[in-house]
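All chains are identified by letter, namely A, B, C and D, in their written order; residue positions are counted from 1 within each chain.
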């Protein structure tokens, strides 16, 4: 029983990370109906940027966020203005294929620069620090930090969307991009900012992931899929739903893994397909 | 007389705008009905509710006594409900002839071989035969409207819903259109026609309805309906002081 | 002409793919004027407006605003120059509140007298509903928001596309009273209307479009009903 | 009577049809004269062309942009190995069975995936492929995570010498490719083909004209899955070895294929064939480049999407109005009037 409870707690923690993968995806879909297949590869790319920053500047990975987050924001803005904006239109095919091509390019560029070896960021003592709750359940400080950061990110995003001018612009462009530009908004710039913001969250998620688990150039697609599953399970309504979706996915994986590690990821996928079959609008989405 | 189409207590709004507010309406088999009303009154929306491209907030739609409220647009089309859109919706990368073939094969449920002759005939009727091989995306607005009508006819409809198809036509073209619609009506097809070009409408329909703020505020012989003061006030803007 | 010329559309042709919608349209608007553009469905009125605001491609010299060629510029740049539209069907941002809709209009940060306070002074009802989602307002109130949203950019010229669409006659009358008041305050306006009577009542100058061309134009008072009917229906 | 008549072919389509038949005959005769290396390369080409045409059928015609077709490639490979090595079924008989198994599995898959629209369908298809891959890892009798080889005795049923085996695989691959091309051609020429173009042009209008969009898409999805599995079976029959990572590789069976189709011309019949040929030509000339190779292909595909989304053949077709296959309708004036 305790063993199960521990799996549950760990699942909730990892779910925080998944929801961070997911909100970046949900944000750009919400603002510009773009699904970025390279999302997972951007997460891995940020991990490598952090790797370079820690090695060359001797920074602690958590401190390296000061570099990684702005770098990824620039990457995001540049990708949107240089690439995705040129494919936006009624047809979903061009942006999909372009982001898919980008995904393959990032993976192989990382493969060439860093080889296929497993990497990990060394964050020092925080990695092993933990809080013991009972004999069987202890919560790592790092996973806890992830969950807290995820909640903070989502809280911040909600504030940004509903309390700031840029958030208002995001929502206006999402409602009616044609009229938004007639009211003086530069949609391309707004889209660029949305992608930059998405990539900032990606950077945070990527660094946290890289401290916690091994990564290599090919791990991106799986992160994309986890994020996507969290979005769909969460129900596409708001970011809190996405957080719930991420936690649901984390718990399912963690509990399955406690029985047989081979089933961890498969169980998550199956849970997603079951949700799709039973409640296509998501577990936490509106019933309509 | 049997009823072709019924709306039963139909309601529909977009936000604060009420398009239909508990509408009841019966249209008989082989009737020809015109729908009038100011811009934005929701006439086009009513057609969308009948063809199933829009969903009702409340109420039911019946076709020949059968409740079709839950049916999808393609199912309603195959039952015999065809619509010519106000803003033409051609298949732009297909030729005019192929546009009709889609309607004949799927709307009327025929094979490719069975469809061809009928489609040619409709093209000639609608004055499009010489444009049969032209890609629909290259047609002028006028010809797109003709195609819209031709394609609706190719589904072999029992009821034909027309939305502003006479606008922009010259007098001669308008007369041809009226003659065509009368011919179609003559073969037993029920007609529901939204039109601002009144003289065209009046020469076809035997009954006119005026939609205003979610209700039909007038229903009767066209000549009587347009003389009603209420209708003149809200609809005939230019003629109120005449 | 003694008055300052604000907008000049010069031999504008517009195409949608292979389909030509405008065949060389000329229009002039002077400061302080209300110009009406009338015509049947499909005559090209909305196409003309969309070309002016930058939604359709146009050669630079085809549209001149305040002495600068602006044809083909991005819409948001044109707004910054002081040319705004109240779009057909209002097109409010449905998930934004009334006040947020108005604030979007102020994104371009053009200096001028129109502020939230002044909009609420003009349309007091909007102040009461400021935090409501815009989609829950009545048609007339939504039209006020749409006009207010456009005014928030402090335009020199306001384009109004089918203001009367879907509104009760009483409401239409009220909306046009507001337009008169706004123009009296120093903003010029181009109104596109199907309601001819309404257009004639308010406009200084009228253009009538037919099949992508200007079929008739002149000072509103000088045009006879017969001439308009002929130009309108092309008979 | 009507003064018009309908034809579906022109001189050009007649010539190209005869040319296609002649080309097929020449290719078939290759079994008699080609060397082992040529046969192997040609078999590769056939299988790539087949995958490209099938993906294009799905994405370019039915708008179902799947990045999960590797699910069916791997499925085909695994089922073939299971039937031939474990159940001792003659290899030739297994191939149609692969199609049937994949078709049966693809129906419930489609029912699930079709709940996701547009881009979400795309990622959903990837999840499904991952489910297939992770499931394969769990199946111990088929080698689990490390995969399995096809026993020599099974391979030898195709022919005693390596040359005989190459000839056999070559002929099966060619036959399968021709069958797939004919299938796609006939579907495009049928009512379904009309519906597919209509849906692509204007889905709302297609529905309003009686087209059951979901059913048409289901038919295409199932047909593509079934044929892809047969191609997958042949791919691994040629390789004699399969593993979950090789069988369900998104790079090998979907990314490369998508790049071929995009470069050649998505939504055209000829484009994927052209794209696959260009790919194999580049691979043979630039083989040593490694990952750079995928980067270049990806970049070219992106450039094509940005500059000319219709690809090389789409450009040729719109520029010169070439239509090699009798897919359209032509209405002519009858002479007697």
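The definition used in the following text is that contacts are C-beta pairs under 8 Å (C-beta built on N, C-alpha and C of every residue); 3 or more make two chains touch, one makes a residue touch a chain.
Please read all numbers here as calculations on a predicted model, not as lab measurements.
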Contacts common to chain B and chain C (chain labels): none
Relative to chain C, chain with the most remote C-alpha centre: D
Intercentroid distance (Cα basis), chain B paired with chain A, Å: 49
Rounded Å distance, chain A centre to chain C centre (Cα mean): 44
Where chain A and chain D are represented by their mean Cα positions, the distance between them in whole Å: 33
Of all residues in chain D, the ones touching two or more other chains: none
Shared-contact residues (touching 2 or more other chains) in chain C: 94
Graph class of chain-chain contacts, one of line, ring, star, complete, other: ring
Set of all touching chain pairs, with the criterion as stated earlier: A-C, A-D, B-C, B-D
Residues of chain B that touch chain D when the two form their complex: 51, 53, 72-75, 77-78, 83, 85, 89-95, 97-99, 101-103, 105-109, 111-112, 116-117, 120-121, 123-124, 129, 132-133, 151, 155
Interface residues, chain C side, partner chain A - complex: 53, 55, 74-76, 79-80, 84-85, 87, 91, 93-96, 100, 103-105, 107-108, 149-150, 153
Residues of chain B that touch chain C when the two form their complex: 15-17, 38-42, 137-141, 164, 167-168, 170-171, 196, 213, 233-234, 237-238, 240-241
For the chain D and chain A complex, residues of the former touching the latter: 59, 63, 65, 67, 112, 115-116, 118-120, 122-124, 126-128, 130-131, 134-135, 137-138, 250-251, 255, 258-259, 262, 266, 290-292, 294-295, 297-299, 301-302, 305-306, 309
Sites on chain C touched by chain B in the complex: 17-19, 21, 40-43, 89, 94, 135-139, 141-142, 162, 164-169, 194-198, 211, 225, 234-235
